[in-house]
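You will see two complexes here that share subunit A, one where it goes with subunit B and one where it goes with subunit C.
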Partner chain A sequence: MRLSALIATIAAIIPLIALIYFVIVRAIPWLDAELFVNNPLDKPSGISNAIFGSLQLTTAAILAVSPIGVLAAIYLNEYASPRVASWSELVIDVMLGVPSIVVGMFAFMVVVPQLGVSAGAGVVAIGILMLPIVVRTTQEVLRLVPSSVREASLALGVPVWKTVIFVVCRTAFSGILTAVILAYSRGLGETAPLLLTVRGTFAQNWLDFGTTMNALPLTIYSYSGAADSRTLGQAWAAALLLMVLALALNIVVRARTVNSRVA
Partner chain B sequence: MSSDEIIKTSTGMTTSHRTEQVSADKAADDAYPTSSKYALELNNVEAFYGTFRAVAGVSLKIAPKSVTAFIGPSGCGKSTLLRVLNRMHETLPGTSVKGQILLDGVDLYGPKVDPVRARCLVGMVFQKPNPFPTMSIFENVISGLRLAGVRSKSELESVAETSLRKAAIWDEVKDKLHQPGTSLSGGQQQRLCIARTIAVKPEIVLMDEPCSALDPLATLKVEELVRELAVDYTIVIVTHNMQQASRVSDTTAFFSMDEQRAGYLVEVDATSKIFTNPKESLTEGYIAGRFG
Partner chain C sequence: MTFNITRSPSLLSPDRTFRAITLMAAVTTATILAIIFVVLALGSIPALTATSFLDFIGTNAGPIFGTVATALIAIVVAGPIGILAAIYLVEFAPKRLAVVLTFIVELIAAIPSVVFGLWAVNDLSIRLRDSVEWWIASTFGKFIPFLSEDSNNPAADSVFRAGFLVGIMIIPLVVALSREIIRAVPISLREGYIGIGATRWETIRHVVLPTARIGITGALMLALGRALGETIAVTMVIGGSNDVPGSLFQPGSTIATRIATTLPEANPDVKSVLIALGVILFFVSLGLSLAMRLAARQTAKITASVK
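After this line comes the complex of A and B, so read on.
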């Protein structure tokens, strides 16, 4: 029993190791400064349009979604009646489970006709996917704040709204930041909604959300079928960058959760 | 204290206004005699959780600058009654209060009274020490003032020192004011919480079994502190420890539970009288350890 369990564990780890190994080995030869500086429209040696496109799309989405998500979580945890809270939680859990291609299709049918094929439409699609993550995680963190902390504040003659902002949220601040980082790292890797909304471009786009933009997942998707070794190599490099970013964010989240003063 | 002082509406009251009010209170306090002979007067007070009546018909008068102990078996509504006295009871969903409570002659549950303002005047120390976990010792002490909008650094520092001195913890923490409040021992945390409570200059300090989570030495320190605080504040303390009640209080109120599990006041008298020669046989039985 023990031996077979061990073999199963190894079998489970092998794909991960192989994946990391292949991505690193294939990507390393193509990792250089030019990759970050040039875009394919000007010089074929770079994918800066994808790197900074991804960062712009995800950052715009998180900036739009975090305040809404955190406030919603505060409402559900601090103000809502248990009935409203449990119904809303059900809705949010369903949202968490919606496949990203469905959200992409929704954005394609509803948002693209308004905004056109554009970075803006992509931000909406990614935002829809991030929102439930922010709400749910923030809510879990707020729940960890002991009620004695709220009582202590109220008993000092602090109004409820100040208690919520300056005491409860302050106590949970580290955790709320973790929720936002987690959502960011999830948004970074989303591909399906981008394929239907942003589509990608060779040109560098700085902050123009009205036209198309590129993103790392889109580059990986369109380059990985290429015949020439440079384009293929750039697909691997994009994959490595995406992996490192997501991994780094997850490590940050993990470190923060372990050290969290609330938990 | 002027009698309409706790009557402030929650809207239209700016934070700075309120701080001025807090400091003005003290001046008013010295200038005018109180409008009532009693700090607190309870007339037929009842408290409910939903439809369950936890406290039944309590009438009680509490003299200013005295220590009143609430004693009685578990579940007899002592803590609930205490939470009614600073309107913390209503922060739990489904709760309600009946009867009349006069705070310096003003109806605490009157329509014009802002519960937030009432809680400034009637502070509370809880059973388990509950310093704010992400705040330093200093930030904990001044949290009430800072959240009320006090910005002046010198004022905050002086209030912090006075409050920590009054709570008999200054010497232990003066060199580490910027360490987290939770780094202190349980007894120190409880005295920090007392300092935090008196920093907002309440008239009355309610203590809900403040020593039940502390060791005997820490308990002794808090008890000494309670006696010292009674010089400036009216103190109501709930305790399960009868020795504690006899050591710290001037007046003792004994509560029990009726057939519907509602807590009621059996008798209230000078502590020496309650512990030596109570009127009611129920009190005598409880004091003697025959039940409860």
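After this line comes the complex of A and C, so read on.
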């Protein structure tokens, strides 16, 4: 029986290896300088609009969301009564299980009529998906800060707010950074909400969140069935970039907190 | 740890201000949730009141069938593998190996679903068609039309392949959740059983799994919820047909794929139907997610009572 459990474990890992192998092998021939510099309309074509679009969208979302998320986690962990904290944990956990397409649909119904099909609407959708990740992970980290640290600070006459900011948050700083990085890496890969809000474009867009933008997942999605080998190759290259970014961010984070329970 | 500062001397003390700021952030988070909830619930009313609920299900049988079918196939693929892998990681693997393997399995969860989709379209889907799908069709297809396939001319996309892909994608979730739950079973229970002469495997079968049963069921429900909502990878391999397919090995669609592909250009009638479908998806996954959390709390209580 031990053997069957081992086989199952191997079976769980095989897809990862097959996938990584495939993406690398298919993508490498298409990695050239033009890929990063040119747009799909340039000759030779590239996907710089998608690369920098993804970075802009995700960065804007994380900048908007992480202060709210971290402060909310501080409230829940440091101020809220255990009862309120426990219920909000449940609610946020449940929110983590909401399919991203549903959040995309919400953004399509509420934000797109206001802002139009635009990068801004995409930022809202991605931000909503990131928020519970930031709150929940930060909360887990703050909980790990021992009460004795807080008590020591308070006993020295340091006001509560200074204790929270300069003692609790400083102790947990790398953990809070982890929360933000995890949310960022999740945001990078979101596709379905972007399909409903940003839609994609061939043009390069620098920081104009009122018009449409492109993103790596959108490029992968729309190029995935291309008959033209260069276009399909660029889909693989985009997939490699996205995968390397997501895996690198996760490895950086998890290498430091291997035993962390937070997914 | 809770600070009580209700007797702070001044209304504008930094303590109160900071507390108010954090409270505002928490309220903002809660408000966003509440708005999503209300908007979706209200948005579904036009479609759900226009016809009876049964008619609504009937006219949208295709995507509803596809959603349920892909999610169930995913659970059949990921459930046994995920739970067995979790048992191996907790009960058998040497500690260092367990850490490394857990790390690798969790990395699968970090890979964006669109990358899985690209891989499936260009490689996995074809392999599945020629192996598992071909085997099932040639073995059972003769007796069960629902599992039949024209082996000379198999469909380019199929519900089965989409479900299998989602199964691979949710394995890490099943492993992670089951591992937590199995690990929470108290050592003393295992020791007691081993003490009366049971083997390692008997202990797992008769002590660990029964104790963890509720929790593992909850884990599978959460995984099911994740599978129901998986969108982009499924869109890329399921084919996009709107009818209930005559066989699992033919193209179909799911609620999520319908929304992703048709919502932006939909006319108002179709739009309200899609929104209603999305709301059903929303509430079903909320329910499954909630069930999982409550099951986890239940297991925690059982194991705590033994400790």
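As a convention for this text, the second predicted complex is superposed on the first by the 256 of 263 C-alpha atoms of A that agree within 3 Å, B and C clash if a C-alpha of one lies under 4 Å from a C-alpha of the other, contacts with A are read in each partner's own complex, and residues count from 1 in each chain.
Note that in this section contacts are C-beta pairs under 8 Å (C-beta built on N, C-alpha and C of every residue); 3 or more make two chains touch, one makes a residue touch a chain.
As the structure is a prediction and not an experimental result, all values here were calculated from the model.
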With the two structures overlaid on subunit A, would subunit B and subunit C clash, or do they fit side by side? fit
Using the touch definition from the top, say if A:Leu55 reaches subunit B (first), subunit C (second), both or neither. neither
For the superposed three-chain arrangement, provide the angle subunit B-subunit A-subunit C between C-alpha centres, rounded in steps of 10 degrees. 100
Of the two partner chains, subunit B (first) and subunit C (second), which one does A:Val252 touch, if any: first, second, both, or neither? neither
State whether A:Ile181 touches subunit B only (first), subunit C only (second), both chains, or neither. neither
For A:Pro159, decide between first (touching subunit B), second (touching subunit C), both and neither. both
Looking at the overlay, what does A:Arg170 touch: subunit B (first), subunit C (second), both, or neither? first
Which of subunit B and subunit C A:Ile220 touches, first, second, both or neither: second
After superposing on the shared chain, does subunit C or subunit B touch more subunit A residues? C
Least Cα gap, in Å, left between subunit B and subunit C after the two complexes are fitted on chain A: 5
Overlap of the subunit B and subunit C footprints on subunit A, residue-wise? 81, 159, 162, 261
Which stretch or stretches of subunit C touch subunit A in the complex? 1-3, 5, 14-15, 17-19, 21-26, 28-30, 32-33, 35-36, 39-40, 43, 80-85, 87-89, 91-93, 99, 101, 103-119, 121-124, 168, 171-173, 175-176, 180, 200-201, 204, 222, 225-226, 228-232, 235-236, 256, 259-260, 263-264, 274-275, 278, 281-282, 285-286, 288-290, 292-293
Tell me, which parts of subunit B touch subunit A in their complex? 10, 86, 88, 91, 93, 116-121, 123-124, 126, 128, 130-135, 143-144, 147-148, 193, 196-197, 200
For a test of understanding, state which residues of subunit A touch subunit C in their complex under the given definition. 1-2, 4-9, 11-13, 15-16, 18-19, 22-23, 26, 67-72, 74-82, 88, 90-106, 108-110, 117, 128, 131-132, 135, 147, 150, 159-162, 164-165, 185, 188-192, 195-196, 199, 217, 220-221, 224-225, 232, 235-236, 239, 242-243, 246-247, 249-251, 254, 258, 261, 263
The answer for subunit A against subunit B in the complex is residues 81, 146, 148-149, 151-159, 162-163, 166-167, 170-171, 173, 261-262
